[in-house]
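Mind looking over this structure? Questions follow.
Which chain is which? They are A, B, C and D, in the order written, and residues in each are numbered from 1.
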Amino acid sequence: MIRLQLQINLAYTVQEPGADFFFYIHAACTQHQQVPFENLTVSPDSAQWDIQLSHNVGQRCLRLRAQAGPLKLQYNATVEMEHHMADPASIPEVPVHQLPLDVLTYIYPSRYCQSDRLAYFAVQEFGNLPMGYVRAQAICQWVRQHVTFRSNTSSGTTAAIDTLVERVGVCRDFAHLMIALCRACNMPARFVTGTDYGADPALGPPDFHAYVEVYLGNRWYLFDPSGTAIPMGMMRLATGRDAADVAFSTIFGGVMSEPPRIQVLVDHNEERQWKWPEHTQLALSTA
Amino acid sequence: MIRLQLQINLAYTVQEPGADFFFYIHAACTQHQQVPFENLTVSPDSAQWDIQLSHNVGQRCLRLRAQAGPLKLQYNATVEMEHHMADPASIPEVPVHQLPLDVLTYIYPSRYCQSDRLAYFAVQEFGNLPMGYVRAQAICQWVRQHVTFRSNTSSGTTAAIDTLVERVGVCRDFAHLMIALCRACNMPARFVTGTDYGADPALGPPDFHAYVEVYLGNRWYLFDPSGTAIPMGMMRLATGRDAADVAFSTIFGGVMSEPPRIQVLVDHNEERQWKWPEHTQLALSTA
Amino acid sequence: MIRLQLQINLAYTVQEPGADFFFYIHAACTQHQQVPFENLTVSPDSAQWDIQLSHNVGQRCLRLRAQAGPLKLQYNATVEMEHHMADPASIPEVPVHQLPLDVLTYIYPSRYCQSDRLAYFAVQEFGNLPMGYVRAQAICQWVRQHVTFRSNTSSGTTAAIDTLVERVGVCRDFAHLMIALCRACNMPARFVTGTDYGADPALGPPDFHAYVEVYLGNRWYLFDPSGTAIPMGMMRLATGRDAADVAFSTIFGGVMSEPPRIQVLVDHNEERQWKWPEHTQLALSTA
Amino acid sequence: MIRLQLQINLAYTVQEPGADFFFYIHAACTQHQQVPFENLTVSPDSAQWDIQLSHNVGQRCLRLRAQAGPLKLQYNATVEMEHHMADPASIPEVPVHQLPLDVLTYIYPSRYCQSDRLAYFAVQEFGNLPMGYVRAQAICQWVRQHVTFRSNTSSGTTAAIDTLVERVGVCRDFAHLMIALCRACNMPARFVTGTDYGADPALGPPDFHAYVEVYLGNRWYLFDPSGTAIPMGMMRLATGRDAADVAFSTIFGGVMSEPPRIQVLVDHNEERQWKWPEHTQLALSTA
């Protein structure tokens, strides 16, 4: 088991006449990721908020309404992850006609993952590979090899097509391109937001992270196309079709933002079998 | 009440080694639209199919697997629609912070409705209008006035941005642009597929139709931006974020298609109060 | 006559192994714009440069090769402009079949002015207007009214289509959109770089400017769609199809740039009839 | 020497109130391509036309004004081509600072060749190759290998970026992508229209063709990225930045077009050393 101590600090200055926020900053509760403790503090007290649970995926949306002035949030949680692990070679693709209807959704194009335009390209590059986890992995590696990580090279409107053309971006862009290519190969794929762990400090302080899940062998397996974190230490906040669904914050109103401050500490304890996250050749799933 | 007799005929030639189909050709079952009778025949018998019900929106996905060779489907249904009607002036917008989480989804950009890029434009054109149903109606009229209906002017990759620029399209394009503009104004909007009724015969035989629902006054109200049909006679098949979600057919495999043949007859009966669909100034909802 | 004293200062730090520059910072020499005095100083002396004259449009390209290290340029010039002025109502459009071949070029789409996609829109908005200068003026005003000037809202890849959709930009974006719309109406239009004069100090210090010329009445008339300067004081550097042709600097190699510093002083002298630039209702041409 | 007998037949039905045409159907006259005989017939006689010579590139624009009704053109020419041939290994790239100003133009992005967006990709794929003709050849081969030729897969708005993403197109699309990639590598490249020769009859009857010239070793060398013709038999009509400049016909007005009918016959004569066009490993130039 991996056990993490998470702290997220967010700070805003809200302008008149106030603003509405939708946050995904709560650790998701899934079969493989438990949250034995958590605590949210919001100041000022006048901010009104509630938490809405998304049906059946265990993610929680924090809805908040704030008046003009400063706004601060602090979320603390203890998160325990028990990964499902499997041998990559043993994980098949699921034929389209066997996909559950709620998974089929993730085979269709979305705002930032225009898989419909990539059909030829995907067949050309990945059509002859053996089917299964290894094909998704080949797509992951292709993206990592062909796109350069560089801060501030993309914007809120940058989509997979742009990244394929311009070959540069941040973790969100890597994720969108991998998702689009998987869908173009008829593999359902979705966007995950979470926290990074083990990222190269040269890329900046700990941060929110964006990665990918692909539906294989009747389960959602985790991929990190940007290669900037240790997958076993990535903690799930929310999943959706792409960044349009599950930005960590969506804001309606005039707001000045400070950079989020995030801390992820590993509760390492050999006796209790609380391990260090480490790179592995095994396929991982926490969904 | 409006009572319709619906018949849909689809014909394909499937190539080796067979194909998978996902159809939305079953009339949706909602509080306001009932299906007292229906019947589906598929030939050849060797085609395997089942029907999956989408959680809580009453639409049904027909999943079908066919071997190489001819494939024919005939769907017959009796559909009864009891529209919710309301005075447009009485229907308010729902503030963002009061939107249910499953409705909030429809405020975000999607593949064909890139509302994120239309924020300035939407504020400029529609930001000063009184809020409520009438604002959605103003967007509907703007789209109808500024886009020209012309067959074969758009393709499967045409999105709202393209239609805004090129000002020409078919019903699907009108719907995408209206949806994108509504979302850019913070009004949840979604794509509906159904059948047209009352369309100008000059536009061709009866056909599948694409139109829009906007979430107003805690209900989904119906809009027909292309203006090609009589809304009261439009029969709902499925709803989604945009055409990526609810194409009447999504096909995996090599297939030759014939144009669908659709028949919609009105069961008019004054005694039983089965009425003719007609244009109305009232706001309509069947969701 | 308008007589200006121009000074342009540019400063760079060139990285290993040196860089190539192409500048358009020399005042153009046309029938209506003379340069009785000019002087260019480049430091260090090791930088190699020459000046190439563009055939028949009077603009001059400064080609410069610099080694790694600091690079500074100072250009001083006295520029005299004798505008051709005409009554807008008297200026007709030139029918396509009467356009000279070298003008016809400017009716075709270019990198940043994709007029081919705006045909419907242009006909819809401007097709019924009386033909002539006034129609170009109507396009100029449409752009000014529908696009908001805001610094740092566009990038080097932003084109007319993007500005039409996003409705925000800087002078270059206003120019590209106006050019694209004129071409879509079969009016040849081209991009001009120069210096602004009379710009609102709130928009920043004096700067390079981008504006438009439209071919009407067998002459290139000047338009300033961004409306940020006094057209009579705008001094021409170069013209081309769009910003791809005549950026004030095009750089090959790794370079750090400081913001250009520009000074434009009016040599006002009543006796000699050296006037102040002022807003006018007349049509202006300096080509 | 290659000697060709060329015949081009064009047929239109012009709608009220007439139309203007700009054609590039005359064989270009260059140092390496001579036109000892040619003849143009236009019917009806009422059509007004003249021919304009483009400065210094030897191409000729036919400007024609026709009234409503049928319009037919027949162009016959004898064309003699004496190719400059060189060993690919001996042809260097020209450093940017040594490019003539009128060649530099072809390094900038244009409507259909948005090289500005391909900088990273071009460096990634082609940045480490040895410089010279062989690098342009590597780009040519990359395009040929990664794009599939398929009729009717692109439209008048399809540009290099689209072809890079969608990986399918016709000769014009292959040309645009190769041009954009060359420019992104700082190699001037331009679009050539001409006639094909030796094309696989399975692709259809003889047709206009689009190919590429790259400026190398102070000369424009010819490349055929679509690989559908025998380069030595390709006859030049016109060159420009991309298809926006030199479509074989540009039409202003309502017109119905028949497919062009083109015939290219080789005047083979061993005695006079009139040879058959054949594939060669040598670099070819006719500019």
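Odds and ends about this structure:
To be clear about the criterion, a residue touches a chain if its C-beta (ideal position, glycine included) is under 8 Å from a C-beta of that chain, and two chains touch if they have at least 3 such contacts.
From a predicted model like this one, the values you see are computed outputs, not experimental measurements.
Steps from chain A to chain C, minimised over paths through touching chains, total 2.
The geometric centre of chain B is 48 Å away from that of chain C, both derived from CA atoms. In this assembly, the C-alpha centroid of chain A lies 31 Å from the C-alpha centroid of chain B.
Multi-chain contact residues of chain D (touching two or more other chains): 117.
Every pair of chains meeting the touch criterion is listed here: A-B, A-D, B-C, C-D. Contacts from chain D toward chain C in the complex involve residues 20, 22, 52, 54-55, 61, 63, 65, 95-97, 101-102, 104-105, 108-111, 113-114, 116-117, 156-157, 186, 244-245, 250, 252.
Those residues of chain C lying in contact with chain B across their complex are 117-118, 120-121, 124, 146, 148, 161, 164-168.
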